[in-house]
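Two complexes, one shared chain (chain A), two partners (chain B, chain C).
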Partner chain A sequence: MREKLLTIKDLQTHFFTESGVVKAVDQIDLELDQGDTLGLVGESGCGKSVTALSIMRLIDPPGKIVAGRILFSNQDLLLLGDSAMEKIRGNQISMIFQEPMTSLNPVFSIGTQIAETVRTHRCLSPKESLDVAIQMLDLVKIPSPRQRAQDYPHELSGGMRQRVMIAIALSCQPSILIADEPTTALGVTIQAQIMDLIEQLKEKTGTSVILITHDLGVIAETAQFVAVMYAGKVMEYANIKTLFGEPLHPYTSGLMRCIPRIDAETDRRNRLHIIPGIVPNLLELGRGCKFHDRCERRIAVCEQEEPEILQVYEGHWVRCWRAQE
Partner chain B sequence: MAFLKNLSVSVGLVIIVLLFFTAIFANWMAPHDPIRIDLQSKLMPPGGRFLCGTDALGRDILSRIVFGSRVSTLIALSCVFIGALFGVTLGIISGFFGGRIDEFIMRTMDMILAFPSLILAMAIAASLGPGISSAIYAVGFVQIPMYARIARGSTLSVRELNFVLASRSFGASSWRLIFVDILPNILSPIIVNATLGLGSAILTAAGLSFLGLGAQPPMPEWGQMIAEGRANIVSGEWWVPTFPGLAIMATVLSFNLVGDGLRDILDPRLRGRK
Partner chain C sequence: MPRLSQSEFLIVRNLRKYYYTAKAGLFSRPFPIKAVDGVTFTVIKGESFGLVGESGCGKSTLARCIIRLEEPTGGEVFLGGEGILALPKKELQAFRQKMQIIFQDPYSSLNPRKKALDIIAEPLVIRGGLDRKDRLERARWLMSIVGLRPEMEARYPHEFSGGQRQRIGIARALALNPELIIADEPLSALDVSIQAQVINLLQDLQDQFQLTYLFISHDLSIVKHVSDRVGVMYLGHLVEIGTRNQVYTHPLHPYSQALLQSVPVPNPFVPRKRWVLEGDVPSPLNPPKGCPFHPRCSKHFSTCQEERPELREIAPDQFVACHLDA
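Let's turn to the complex of A and B:
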């Protein structure tokens, strides 16, 4: 029986704006098993990044985590004080972000920045921490690490900067790495390299990964379990084979149909499939299912009442009236 | 370098270098003893042994100007140091922590700014007693709000940048964020204003000395030399207050030129690089 590394129960993160309360994360339950990659998929604005920031307790006003429990290492992260949380960030749970071009401090060399994080969490001398930094640069496959450690961020390309971010993130051997759209800002070939690197490092260091992306293709290649999010809620949750083999939620199957197929018939009448409509304004949510207005399988009850998320098959959870029939 | 190609900046830089050189090597550069009284030679016009003439006590004005550069340099650097040290600290704390701390600090800065700086400096210097150190504390104090505002503004924008969030995600404490992430990235406007502030400090200190609140005789300080020679303009000995005045003008002008040049260099290039 594998260890449950991270358990999120009933997480609610709301933003109290002048125009009203935005429920960016509205009752989410998630789990991460040791050694797994959990994929968090959804469109922009569905709450995936806010979930990640909530785990890291990096939500600033006007946002607030209003309810829930995040269980990690026998403690509830939401109950920890600031300095206790600082000891966890970068040390036991790390995060990398979407924009590597601006994620590094421009006035220090990359070696210094890696060493800085190492020294924050470990009692090492400057020289020892720099050695660790060079080892990490080697681990993320940056050539000539000893020389490159003295480079400044502006001397590096986007892909290399993201490797540096991964180096910093893994420098203290965290048990969880949260990757928030790590390759969205990078070209496709670099994307492949970075995802491969994360896979290899995952095996080498035993880190478990939460991968946030809007790209189902990336999920298909790397994740073991997937949660599909929409408007702050989890719409479907299953292991990777089941999700791609038999998606139960109309949103999930819609997303998959939208993926352009290279083997589709090239016919002037063949158009790319879309999901009509746009994501709802989180300030003006109705009573029923958040997806009903764009759903091709909706029925009367969908507009009236929001479905709960239910385990329809073993390990396969869906939030949909039609799927629960 | 583009910096040196700009003529006015180069001129400013030359004068500043000359100033610091003179201040350091005053002993070797001054032709006469600046405080030696020689009533035989009083009020002699420029020329011959006394290139800038002598004052009412027969002291060589050029030598007094040379030694005065030491005083002026000391004042300028100390005042900017005090102003920047306290001002930047308060500004960063204000911008970083926000909320009531921000309100409290900024309203205090507003109170200081409400007074005309010379008046406030006079009040402080007068209550501390006459002397150079009083002038330094006073002028340094009135400069604090300027640095606080600049530091706060820059902190507010740097705080929102991605690498600050990244640092937080790696476990940086507030203090580490302030010293490693924010401070090094807000230095440019502070340096520019410090350079301009040097000139302003000299002017204000000269004003205080003119009023008798700063440097005390016989210490040669340009503002004080102007005060002593005020009446001499009327009686025809124009050189007594004029040369110290020119020294002040040249010094402050040079700081302003260099400050402008620095601003041109530092800002657009930063925007381009990032």
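Let's turn to the complex of A and C:
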């Protein structure tokens, strides 16, 4: 029986804008087991990034976490005071972002930036923390780490900067690393390097990962469990083989069928299966299922009432009126 | 599939684009950034030619040079047998009618102050030939064929979704009835489910209007789906050209091989048997001597460090720039 590292219950994060309230995260439940990678998959506006920022308590006004519990290490992160949360952020739970250039401070060397995180959370001298920084650069396979520690972010390529982000994030040996689209801005060969690195570090340091992406290929290769999100809700949750082998939610199966496959022998005359329509405007959501207007399997009730998410098979949760057919 | 010598519609020969930058101090010589460094390929009428490569390889610069949004440093471009690069600006308009471009960013490539219908009709204004009533009628027809509802014609770009804006861009590109469309990363800014819609639309339009496509993308899965033939670029060079099946099934160039097997496959049941290509793409300010790929190539030998390999036809219609195949 493995330890549940993180449990999110009934999380609601809303944005109070001039045009109305946007329920970016609308009652979601998630959990992360020790040693796993949990994938959060979805398209724009689905709430995956806001979920991550909510865990880190990095939601600024007009956003607000209005309800829910985030249980980590025997406490509810949403009940902690700011200084208590600061001891967790970057230390026990870390995050890396999509655009490494905008996440790194351009006027400090990379060594200094890694050392800063170390000094904040551990009582080390400047020299000791710089030594740790150099060790971290080595861990993320940056060659000649002692020299490179003095480089500035603009002197590094995108892939190298992302490695520096990972070094900062792992410098205090967190139990959880949240990676928000870590490779979307990088080319495919660099993406492979970074995903490989994260896998190796996961094994080496025992860190568990929450991986946020829209790329089903990346998910298939790295995640153990996946939550598919749409318009602020989890539509389906299962282990990776179940999700790909037997997707039950029409959005999940629609998404899988509409992507061009590098492993498929298709003639270019074949049309791709499509999900008609567009991602909904979160300010104009109706009463029923958030996906119903694009769903090829909709029935009358779908427009009237939103389904609950139900455990249809063991470990397989689906939010759909027709899931059990 | 026709052999290459027939119906060559777009011919690019030894195209070069260098950006000059002063490196240090007032008196040092300018350093060239060789964004495109001698690219040669042809596109057959009616086909889709996919150009792939990672960022910085020069594919977008190449597209902009072909259409003369930027002026190439050297080389030749022929469209339908006629040279484009030497044309004075006045005569360029005639070619712009035949050759249009769709851009990556549907946000910045549309004039935010114009309504959708006017954006689509604008090429018709510039090119002349139709009165206002006919222009608007044609623009409305174009809106319908790209799947935009007529009631949207008076809306401004910010009122559309990304996919819809891309449709406006496509309609605009079709306004003058072009023969060749260069699509420069037309899907990257779109959600996955919308990408599928736009891919299907582009395929349908190609069939309907007998269009020729030069489709540029970093997404190898998309390029596999849409292309007849494929070219692979690295650091300003074309390193391989072949049919879609040739390049995807039996890539010859070590970089093509690395690229293809780096793509994550959305199938957790298949074991991952990938090797990771190490190292970074070198800076185009300081490209390696000899073959641009040799520092990262596990198969390189002495010649690779000295001599840049030429793109050579190894098998019928299959080209590769690599000393291993010499």
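Convention: the second predicted complex is superposed on the first by the 316 of 325 C-alpha atoms of A that agree within 3 Å, B and C clash if a C-alpha of one lies under 4 Å from a C-alpha of the other, contacts with A are read in each partner's own complex, and residues count from 1 in each chain.
Just so it is clear, contacts are C-beta pairs under 8 Å (C-beta built on N, C-alpha and C of every residue); 3 or more make two chains touch, one makes a residue touch a chain.
Given the structure is predicted, the values throughout are model-derived calculations rather than measurements.
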| item | value |
| --- | --- |
| Superposed partners chain B and chain C on chain A - clash or fit | fit |
| Chain B, chain C and vertex chain A (Cα centres) - angle in steps of 10° | 80 |
| Partner chain(s) touched by A:G315 [first = chain B, second = chain C, both, neither] | neither |
| First, second, both or neither for A:D196, with chain B first and chain C second | second |
| Contacts of A:S94 with chain B and chain C, given as first, second, both or neither | first |
| Partner chain(s) touched by A:H121 [first = chain B, second = chain C, both, neither] | first |
| Partner chain in contact with A:S103 - chain B first, chain C second, else both or neither | first |
| Touched chain A residues, chain B compared with chain C | C |
| Touched partner set for A:M165, first chain B, second chain C, both or neither | first |
| Overlay on shared chain A, then closest C-alpha pair between chain B and chain C (Å) | 6 |
| Footprint overlap on chain A, where chain B in one structure and chain C in the other make contact | none |
| In the complex, chain A residues that touch chain B | 56, 58, 83, 86-91, 94-95, 97, 99, 102-108, 116-117, 120-121, 154, 165, 168-169 |
| Chain C to chain A touching residues, read off their complex | 48, 54-55, 161, 163-164, 191-197, 199-200, 203, 218, 220-222, 224-228, 244, 248, 258-260, 262-270, 272, 274, 276-278, 280-281 |
| Sites on chain A touched by chain C in the complex | 43-44, 157-160, 187-193, 195-196, 214-221, 240-241, 244-245, 254-256, 258-263, 266, 268-276, 278-279 |
| Residues on chain B engaged by chain A in the complex (per definition of touch) | 161-163, 165-173, 176, 180-181, 184-185, 273-274 |
